[in-house]
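As written, the chain order gives the labels A, B and C, with residue 1 at the start of each chain.
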Amino acid sequence: MNSLSLGMNLFIIAAGLTLIFGVLRIVNFAHGAFYMIGAYVAFSILQLTGETNVGFALGVVGAALVMGVVAFFVERGLLARLYDKDHMLQLLFTFALVLIIKDIVKMIWGSGQFSISTPPALSGAVNLGISYYPTYMLFLLVTGPVIAIALWYAMERTRWGRVVRAARLDREMLSALGTDVKLVYSAVFVIGSMLAAIGGALAAPRSAVDPGMDALIIIDCFVIVVIGGLGSLAGSFVGALILGFLTIFGSFYLQEWVIVASYVMMVVILLVRPWGLFGKSDEERH
Amino acid sequence: MTSRPQLIFLLVMFALLAVLPFVGSRYFVELAVQVMIFSLFALSLNVLAGHVGAVSFGHAAFFAIGGYACAFFLTRWGWPLPLAMAGAVVVSAAASFIIGILCVRLNAIYFSMLTLAFSMLVWAIAIKWKPVTGGDDGFVGITMPQALTDPTNFFWFTYAVFAASAAALWVLSASAMGRAFVAVRENAVRASFLGIDTKRMRLIAFVIAGAFAGLAGCLLAMYVRGMYPTTAFWTQSGQVIIMVLLGGVHSFVGPILGATTLYLLETTTHQYTEYWPIVMGLILMVIVLVLPDGLVGLIKRLRPQRRA
Amino acid sequence: MAILEVGNVSKRFGNFTAIKGVSLNVEAGATHAIIGPNGAGKTTLFNLVSGLTPPSEGEIRFRDRRLARMRPHDIVKVGMARSFQKVNIFPRKTAAENVQVALIANSGMNYNFFRSARRLFHDETMELLALVKCADDADRRAGELAHGRQKQLELAVALAADPKLLLLDEPTAGMSIAETKASIELIKDIVAKRGLTLLFTEHDMNVVFEIASTISVLHHGEIIASGLPHEVRENDDVKRIYLGKD
């Protein structure tokens, strides 16, 4: 069950990755680093406020805001110069970001490991009948679908969502219609990054906050979007669920080799349906 | 990719290297060995990146696999050196064949993601498979042939392997297959309409790249007298990408130039600060934003235009 | 037996049906034109025939082989070559290198990793370049050539595969009148000398009626008329669609 909660947390992060890809056609290799920024900022805020409920809420919000600002300047100032260039260059840019962000984090916070306690309101355990389940894990389990619904609503029912969906399908058409495509790009990059940071802040009470936390997260995100399909929010949700279930069953039979289970799943998808469960083949995209 | 000026550069470079053990201090000889190892590693990546145009974000996987295999064959099974090295190259080639088959059918974006993912799997295996790899602590202590324990001998050994590999890769680059590789990079659709099986070409390039990376890994293992999981970590893959890009991905000698420059920069930086990754990141960012053709591209731009 | 048999082929992209039940036979040695207004599906049909995209329904046979499971590089090996509507060559390589790599691929030498490529197929390359009147441009980058020259280069590249069936997608698009004339002469010459079958699309009706031996008219993804040039010219449906045109 733990794995499902962590899976839902991963969904939030992967959703940001898939959103950015859907519109900007960039795989943000720095997404794990953004997650890390979220966790560290939340940690610092909690240092100031003390580990209270309000502090925690501020931590999450603060993480999102700080990340949003950073993402905005990175996108406007640097990334935007690469939009009409080779995709590889954009990818490499995000890769450079990882190296830079990691060292900056080390410079500010040092290489040590930190931990945050779960906020008082969400501590303890809930009696689920069969056993007790940590309240915070339940919280994580619930935030996934909540954000999923919020995103779904934003995409399907708001004007902004319509613009984003159009941008996902056909960017040239969109600019021809007079929409400020640059604004859409910035907004999507910022929001996608904020999702990663929120995921990081929410995950912090559960995992260690250290300079290495980005590496495995980005791989998990990749697994999710490969299974679900790059660019599809629904795919990220289903992918996260699958990863969660796989980890549960995997730990049973494979124990510490459970990591292999997710790779096997990826390989299967790549052989059978390389564009993911909800993705579109290169041909369909035209 | 290959050109006469570059050939001259290579010959001069090897000539100068040959003189080093006689005039240089032990420190420089050891440094040269390290630079040669990473130059070979970078050359191997460029078989993929510069030729067929596939940027692997997980190339360190084969570097590590080659090193671990060599360490294992030499130490645990007591194989003679040539056999151990050949075995390590075969293992790396096999691993790159398996991973390659899955990855070359993907477009550039998925290819990048998946190569990164698979390399982290190799890293995870290196950490968990204690009986074979020594796990987290690494594979410590390698049975070396007596002769190679002397640093100068090891220099000549590395020199020989590096020179032979560079020569082989040069021949490949200048061959008909080399032209076909570049066609796949320049315009994959057009290439397939010429009758070139682009997937198969990518796979062949992938295996060659993996094999030579594995060979470089052997040299690393023997130089360090051990192998550690960090060799397979994504930062190592990142570093070799930056080496190739810094030097120039569209030329044969670019990777050598980039590897040398970056490695020397790293060694110097480490004397002042531990914050080397951010330097690497900034270098990469500069390359991506203003200098995509790397140093060789810069040199070409600065030289007066020659008539075609 | 026709060299190319298109049997009731349809192609759908999502909800949009680009090609509807098209059937077409091209006889060996024919010069067959596919004409039709923009958006009629000419390029899609080319993509189907050359294997770039699979049909949603129907079957295509080339030299009595089913194209169904074949990838473009296999189809080229059977004897088909094509040009593209938007010139599709290797812009950063020289004209000679463009042709050379085509010759390398055609001979299977792309698997040869030790034979130096410097002088490989030099004579054959210059011959082909001379054929398309691009010999002077041999060492110039393909991307720097004038548009008309690029199209001719693409023709040379296609011919390097020694095809039995040549697909040309709008070979004279973007060319001046003089260039078009030269192009037509060149194409007629090549087809005659090499005895190959030509399937091409065109907008310029003068070109079509000058070189085509048979014509098919494509409209909204369907063939509305097919046959000898004068038959097509007299066809009522065709006249209606091309109302206002010559």
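The working rule: a residue touches a chain if its C-beta (ideal position, glycine included) is under 8 Å from a C-beta of that chain, and two chains touch if they have at least 3 such contacts.
Computed from a predicted structure; not experimentally measured.
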*Farthest from chain A by Cα centre, which chain is it? Let me know.*
C
*Innermost chain, where centres are averages of C-alpha coordinates*: B
*Rounded Å distance between chain B and chain C, as computed from the means of their C-alpha atoms*: 42
_So the centre of each chain is just the mean of its C-alpha atoms; given that, what is the distance between chain A and chain C in Å?_
47
_Using mean CA coordinates as chain centres, what's the gap between chain A and chain B in Å?_
32
_Residues of chain B touching at least two other chains_ = none
*So in the complex, which bits of chain A are touching chain B?*
27, 29, 78, 81-82, 85-89, 91-93, 95-100, 102-104, 106-107, 215-216, 218-219, 222-223, 225-226, 230, 256-257, 259-260, 263, 266-267, 270-271, 274, 282
*State the interface residues of chain B toward chain A in the complex, per the touch definition above.*
55, 57, 102, 105-110, 112-114, 116-118, 120-121, 124, 128, 233-235, 238, 241, 245, 275, 277-278, 280-282, 284-285, 287-289, 292
*Touching residues on chain B, where the partner in the complex is chain C*: 171-172, 174-180, 182-183, 186-187, 189-198, 201, 308
*asked:* Looking at the complex, which residues from chain C come into contact with chain B?
replied: 50, 52, 71-74, 76-77, 81-82, 88-94, 97, 100-102, 104-106, 109-118, 120, 139-140, 157, 160-161
